[in-house]
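After this come two complexes, each holding subunit A, first together with subunit B and then together with subunit C.
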Partner chain A sequence: MEIDVAEPERSQAACERCGRPLESTVACLECGALLRTDEEDPFRAFGIERAFEVDAKLLRKKLLKLQRATHPDFFATQGEAEREAAERATSSLNAAFEILSDDLRRADWLVSAQGGPSRDDERQMPQAFLMEVMEWNEVLEEARDGGTGDPNALATLTSDLDAARTTELAGLERDLTPLPAAGDERLRTVRRRLNALRYIDRALGEIGTLTR
Partner chain B sequence: MAYSDKVLDHYNNPRNVGSLDKGSDKVGTGVVGAPECGDVMKLQIEVEGDTIVDAKFKTFGCGSAIASSSLATEWIKGKTIDEALAINNTQIVAELALPPVKIHCSVLAEDAIKAAVSDFKAKRAEEASKHTEGAQQ
Partner chain C sequence: MAYIELDVIQDRTEPVLGIDLGTTNSMAALFVGGKPVVLRPSDHGGVVPSAVFFADDGSTLVGGKARDRAAAEPDRALFSVKRFMGRGLDDVQQDLENVPFRTSAGPNGVIQFHVREETYTPEQISAMILGEVQRLACQALGGEAPKRAVITVPAYFDDTQRQATRTAARLAGLETLRIINEPTAASLAYGLDQRKEGTVVVYDLGGGTFDVSILAIEDGVFRVLSTAGDTHLGGDDFDRVLVQLAKQELAPKISAEDLTDPALTQSLRLAAERCKQELSRSPSAELHVSIADHGVTLRRRVTRDEYEALIGDLIQRTLALCTSALADAKLTPADVDEVVLVGGSTRTPAVRAAVEAAFGRVPHTELNPDEVVALGAAVQGHVLAGGTRDVLLLDVTPLSLGLETMGGAVEKIIHRNSPVPCSAKAGFTTYADNQTGMTFNIVQGERELAEDCRSLGRFELKGIPPMPAGMGRIAVRFAIDADGILQVTAKEETKGATASIEIHPMNGLDDDQVEAMLKASLDNAKEDFEARRVADLLIELGTMLAAVDKNMTAVNERLDPESRLEIEEAAADARALTAKGAARPGVEHAQKIRDRFEQATLPLAAVLMDNVARTALSGKALSDV
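Showing the complex of A and B:
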């Protein structure tokens, strides 16, 4: 894992105000200093190791801790610049949390960060998969039109899609552990899995509106 | 967002909706999709010699995606496969007056034509190699 080689320098960075080592790139958890940050790395914002697997409990704990340090209310009596800095810190914290707490968004971020293909680079899916998507849509269309065919079609489709979703999610974890380096074919595979998951989730969402 | 009259016309009255026999040697099938919106488009061509004698499509997606594929089938009918390959998404954008956010729909239609043609060419190449093998036996 190349990441570990580059990382120590970062995590050893010290807070300019209290001199203690910095855990997060958003705020110093020791003295509460807000860090002027244009850091886009959600893992660094939370001071956790860059990996697909994230400990949800630890993430929550860190969020609370960091929220306490950056909440704009605590800077109400201070100058405008400090208040604005707190607002910026809070919003970058929230943005980081959104990514870290969502399997799909985390995988998406990791593929790009590891130098893998972007969404636009890797859009086309195999014909066989797209044919399947056509078939899902045909079932959905029939259900929308009142459904003359198989009454269980929607239930069958739902369980197929759920199974496909589980497979792709497990695949994401497998292909991103340990994290592939740039050029690794697994990054392309993950991008394809993310594409597949978007089609799957869209179809499941459609079923949701049909059966509500 | 308001659709142009031409988009609405194709949407309400799509040309060439349906399927051709996927198994036929004369038929090329292309399926393309846009992961960000979940649209999928199937476009099929039937070729005699080098001329596209029939084209059908089925699209699940927004009005612009349906209109783009409907227009594409209209345009490629009667053309040679090389002429069909020359169709560019910007021509579709211009014809349907698609707004910037819908340009990807026209790209999808262009990709669908190319996918159908390449499927047809692959079939033809396979057919040709079978004949050569047959001749050798």
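Showing the complex of A and C:
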């Protein structure tokens, strides 16, 4: 049986000002009250279920809707306290959106939130990945030194990295659905995949600089 | 209570100006009757050239008159000061080669311009320009101009440059409700005008700066996806290639020393600007300068092909930045729905052609590229004034922000193109036993080493309780507000000790300095007022003297000797005051002389009135009167 990790009371939470049900913990979309302006849980800020899979379009629509309630532009003629609360509320929504809309950052947040190992606790990459990394490093090394040999080496490397990226991302989604509870070994696997993805993105970035 | 409520209502509806404080031109717009309009007095186009001229008599000219006189007397004029806002002398060496200014480093490394015996910071000069913009707005509105404004800056302005802009507004007596980015402002004006949705690229090439912003417009929300730019790339650089061309041609004719003469530089600059503008309309134009002082005339025909070859590299630099903005937004040119051109320099046909080729579509040019930024700022002003909730601008920070770590590297805390407002935290640990303080260098920029980035200032965290190395945990929080301005706070977390922060601004004025300048400008305002009053009094004395001279002989015998003597004495004083080469009197002294003169001439006036009455009434019966 799967355990629903979404906290049930969240969906029933009511606005402390108008009493109507809340879509977000940051602000009430009904009456415009600013509530938990320092919300650190991006899923609660957006009022969506904690899960790896998110609907990008829904997320964007929700951001715009929430910003219409919290943005400092709509508080410009109010007192300093209100203006600051609006800055904080909008900041936390922006931070939440950055996490929710980015696969890697969302996975990173979920691993930590579910009690998995942090980046410092788990520095390994997936075993199968390591052999390839040694080869890739050689190609990169050569390109850094001015690139002798195979002129297509970097192009080949790029497509290899892209393929590896797709594989690891698919793995992230698999390992995080349904969301593992604390102590689940899958959290460690996800952390390792994230380490691999960080390596891939750094390498792709470097190729970008080298070929420009 | 009723009056309080009324105040609140008035406060809400009080309009907010939108001001484009440009390198070359500035102007104000306001949202009225459902749309933004540029504020123009009936006898004025509304454009204020961003120039200030310091005249002989101590008066200050701002705008068109200042620009016109700058050509003949460049040592008394300041222009393009936006290039120097929030900069240190080291940052602007190249800019200084192209302007005839004398400069020095002022407090906190702020640049100071020397004009005659006075020094002025870029903030003060910008404040004068803002004052003139406000004056025109006031005339156009036929009453008092709004005291609150939205002011635009290049998207690529860093924190110090934004702060300097706020300071300038404060010195001009304006409350800055919001600083917004120029391309974003343009997108607001454009998006509302054309009712467009989708992905829009704003290519903004102004006089001194280049910005490109990529936005998603959806349901009235203008969301900036990415921005890139160069605060040292603009139409002035196009002028410069023509100035260089002119100098090459002149080199055999005049000495190397004369070539660097400020007056010559200024004439060449203006000639280059005319030639550039003509080249936007015609296939060729003449670069024409005649310099009387050096007995040299230059007439050189420049073809558009030749000119376009000269500015090709500059245009390429703008396109490279477009590519980088697209990459940051994770988009390709094919994803772009519309391209909007902003800034006077986009009138250059080569620029239009290059942008069209780069994005594969004809750019929009319906809106006046010189006005669209001010119009957008007025829209934002309307939003901030509480006028509408249908429009919302979501912008990003153009440059990464971080702290210098041990060893001189940069730890980025907020990445470029993060939506604002935003905040982020970073943790540090103490590195020595019983360490009680820690110094941080706040840097802005994309480079890896702190020395390659711009230092925004240093602050010191004091009062860390004594403990072994590595035990003290310090949390530094960066917060960027909706103006794109940074606030930094730091806290020691283990013992929860409160700690104080002192930030030492770089290339920016601190509060005390701004206060001192405000006071000085008030004193100056008093001086200016008095000088004007004295000038008025002297004119009045002149008129009175002329009247006395004209009438004394005619009515001489009808005045008693005592009155005559008094008039003659008072007139002598007045003559001394108004004589050519006389020292400018104080306002009180001038007022006293004038009052005494008026008093003394009362009997004369009475006689004259009597004469007039007699002439008028002659031949009339008393009953007819």
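Going forward, the second predicted complex is superposed on the first by the 194 of 212 C-alpha atoms of A that agree within 3 Å, B and C clash if a C-alpha of one lies under 4 Å from a C-alpha of the other, contacts with A are read in each partner's own complex, and residues count from 1 in each chain.
The working rule: a residue touches a chain if its C-beta (ideal position, glycine included) is under 8 Å from a C-beta of that chain, and two chains touch if they have at least 3 such contacts.
Model, not experiment: these values are computed from the prediction.
**Q** Looking at the overlay, what does A:F74 touch: subunit B (first), subunit C (second), both, or neither?
**A** second
**Q** Looking at the overlay, does A:F97 come into contact with subunit B only (first), subunit C only (second), both, or neither?
**A** second
**Q** Examine A:L64 and indicate which partner it touches, taking first as subunit B and second as subunit C; both and neither are also allowed.
**A** second
**Q** Determine, under the contact definition given at the top, whether A:N195 touches first (subunit B), second (subunit C), both, or neither.
**A** In the superposition, A:N195 contacts subunit B only.
**Q** Of the partners subunit B and subunit C, which touch A:R20 in the superposed model: first, second, both, neither?
**A** Neither subunit B nor subunit C is touched by A:R20.
**Q** Give one of first, second, both or neither to describe whether A:A203 is in contact with subunit B, with subunit C, with both, or with none.
**A** After superposition on chain A, A:A203 lies in contact with subunit B alone.
**Q** Tell me which partner A:E87 touches in the superposition: subunit B (first), subunit C (second), both or neither.
**A** second
**Q** What residues of subunit A sit close enough to touch subunit B in their complex?
**A** My answer: residues 119, 123-125, 127, 130-131, 133-134, 137, 141, 194-195, 198-199, 202-203.
**Q** Under the touch definition given earlier, write down the residues of subunit C that touch subunit A in their complex.
**A** Residues 11-12, 177-178, 218-219, 221, 223, 380, 383-386, 389, 392-394, 418-424, 479, 481-482 of subunit C touch subunit A in their complex.
**Q** Under the stated contact criterion, what part of subunit B meets subunit A in this complex?
**A** Touching subunit A from subunit B are residues 30-36, 38, 40, 42, 58, 60, 111, 115, 119.
**Q** For subunit A, which residues are in contact with subunit C within the complex?
**A** 60, 64, 67-68, 71-74, 76-77, 87-88, 90-91, 94-95, 97-98
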